[in-house]
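Before we start, here is the structure in question, set down as structure tokens.
Per-chain numbering from 1; labels A, B and C assigned in written order.
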Amino acid sequence: MILPLTFQDVSFELGGIRLIKDLNCTLEAGPRTMILGANGAGKSLFLRLCHGLIRPTTGRVLWQGAKGRDPADAQAMVFQRPVMLRRSVAANVEYALKLRGMAAAERRAAVEDALGHTGLRRLADNPARVLSTGEQQKLALARAWALQPEVLFLDEPTANLDPAATHAVEQIINAIDAAGARIVMTTHDLGQARRLGDEVMFLNRGRLLEKALAERFFSEPENDLAQAFLKGELLWWQRGRGNLKRKPPKQRRQ
Amino acid sequence: MTDFSDAFGAAMGLVLGFDADLAEIVGLSLRVSFLAVAIATAVGLPVGAAIALYRFPGRAALLVAMNALMGLPPVVVGLIVYLTLSHAGPLGVFELLFTPAAMIIAQVLLVTPIIAALTRQVIEDLWVEYEEQLRSLGAGPGRAVPALLWDGRYSLLTAVLAGFGRASAEVGAVMIVGGNIDHVTRVMTTAIALEVSKGDLALALGLGIVLMALSLSVNGAAFALKEAAESRLG
Amino acid sequence: MKRLMTGMAMVLGALVYAAHGAGPAAAETFIAVASTTSTQNSGLYDYILPRFTTKTGITVRVIAVGTGQAVRLARNGDADVLFVHHKASEEKFVADGFGIRRFDVMVNDFVLLGPESDPAVVGGEEDIAEALSKIAGAKAAFASRGDDSGTHKKELSLWKASGADPKAASGSWYRETGAGMGATLNTASAMNAYVLTDRATWLKFSNKGALKILVEGDKRLFNHYGIILVNPKRHPHVKVKEAQAFIDWVLGAEGQAAIGAYRIEGRQAFFPNAGR
């Protein structure tokens, strides 16, 4: 069990600019977390810090325990643009399993399983690159599912998809959650956040402004920037406002 | 103009007459260049991939040098290999001079930078696209190399064909280290040079046409292979 | 990555092994003879060498390069026999200890070629030095090999005899190609220039253009060939037995007869003179 994941005073700096500022939070096992915020708020950076693709400049990102699995082995990530190797649909899933050291016979079964769950079985031998974006994203999910991760990170997975594909992807995410993986996802789509989320983290300009259960966040957000965000107002002119009077971001009552 | 029509006539005559000497020369040319390109590929692919994926001090200088080596003058390489393999040189004891092996060595030196430099560019571009996803799946640069090489296979094939073009077309290196010895180290390009030096320009041009036809065939075969593979695997 | 490297190393090893085998059977007995392109291009070797091989079973591999390069090859021990046509270089080769002894083999001659128009009016001249002096005076185009070969050295010695200094005019009417006889002939043919060449190469040359023989017969135009065994004390790997067999044959009755019997366009090209 690698959860909970804890951020301790994490900051991330690039080119002299702090893009993530003093972030503290804990992600427990269980709830599906939606990460919201305007463009440039740091949602994608936060996800990458969780997944280990980038290292914090200061502070620590801690997984629960070394007992059982290596944290890296127990996670998977799906990106906004699906990245597929130049080979067949099935081979793309199999590649991920090969990297994890799974034996050949086991792999075949796992691939079949994953493709079946995502409705891609009939496309198994097709070149992955000629699939539509929606199908490629489903393939990315199939690949992630086959790894049986404890945590699945998703970075705006449906941003480039039409409503039908979006719906299909959301179904698959629900299924993966039901199968036991913990979902952490960024999205621009407030409706989607409402549909899928159990809890919400609201980021603005690299700071975590609010973390709350979804129901409460959508009905009565505490932070005024969050309120403005939900109302659909643009936040570009609110530089620092709504933040200065508040105490440094800490865990609020869950 | 008569030289050109004479040349075509000469070329046709040689090929259709299944001239035995020509067949021997063509056979040796292909053996030398194919082997040289194969060895250069075995060395150049991993070296190019490694330079693409790893950062180390002096990398920029190495990169520039590798690109510059693509333009190595064949005659200079020939000279260096001669001095090395000569009995007056360090490796003379192996008696490799004036044998096809020496020609292969020289061509390996010429072709490897081409394949390495082009591989580096291909793999670097692919890594930009794939890095995050591959790292997410647990493949850092080292483990990702085979997947990257396979994914870039069509671009890399072009790099290999560029190498083959260089090998089969050069005369400076193989002339010096091979000696253009009849039935031993005479290849298409040195045969052409010989006919030019004898003033038999039509025959030289005819041989040149045969050489170009050979190159066309190799590239045509590679293209067909690629098309077939692409339709199957994508 | 490690598996990939191991795999590629194995492939590499297999290829290098295969490459070494690419070529004639290793069991073949052969010697390497460093000679010149003009001798090779005359076709003499294609005529006489098979006779030697049939008799002794030894294959002769001729490496045909410029005289300077041939001497260098022999000095480095990359050939077993030196067979060129520049007495001074050959004698120095022996004096420096790289060769055992120089033997006369055969003689052919040089001829002065020129355009039909003959701007310097040298056609029929019997004195080669006089002819060259006229060419310098007329500043007529002259193509030189400029490559330190036997032919080139002969040419320079003749210029000296004529009193003219063509080097000063290098780039204007005196054109140094820095190339072999064939390439220089091609250039001369295209430029309609005068050029000095050995008769055998000229007879065999297929791109004569508008050039013809204008001066011949002067005693100074004779070209002497010498054969030398590379000194095994300097280069222990030299195939002494086989190389000596070749030298003996060339200097013996059979070889000399074969040399004398070789015809280009019906004319004798080389005149055997061993032992004289």
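Operating definition for what follows: a contact is a pair of C-beta atoms (placed from the backbone, for glycine too) under 8 Å apart; a residue touches a chain by one contact, two chains touch by 3 or more.
Since we're looking at a predicted model, the values are computed, not measured.
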_Which chain is most central here if centres come from C-alpha coordinates alone?_
B
*Relative to chain A, chain with the most remote C-alpha centre*: C
*Give, as an integer number of Å, the spacing between the C-alpha centres of chain C and chain B.*
32
*asked:* Taking the mean of the CA coordinates per chain, how far is chain A from chain B in Å?
replied: 48
*asked:* Just the number, please: Cα centre separation of chain A and chain C in whole Å.
replied: 78
_Of all residues in chain B, the ones touching two or more other chains_ = 143
*Within the complex, which stretch of chain B touches chain A?*
129-130, 132-139, 143, 147, 150-151, 153, 233-234
*asked:* Which residues of chain C touch chain B once you look at their complex with the stated criterion?
replied: 1, 4-5, 8, 11-12, 15-16, 18-20, 22-24, 32, 37, 41, 61-65, 73, 75-78, 180-183, 185-186, 189, 204-208, 235, 237
*Which chain A residues qualify as touching chain B in the complex?*
48, 51, 53, 72-73, 75-77, 79, 83, 85-88, 95-96, 99-100, 126-130, 143, 147
*asked:* For a test of understanding, state which residues of chain B touch chain C in their complex under the given definition.
replied: 28, 31-32, 35, 38-39, 42-43, 45-46, 86-89, 92-93, 95, 97-101, 104, 142-143, 145-146, 149, 179-185, 194, 196-202
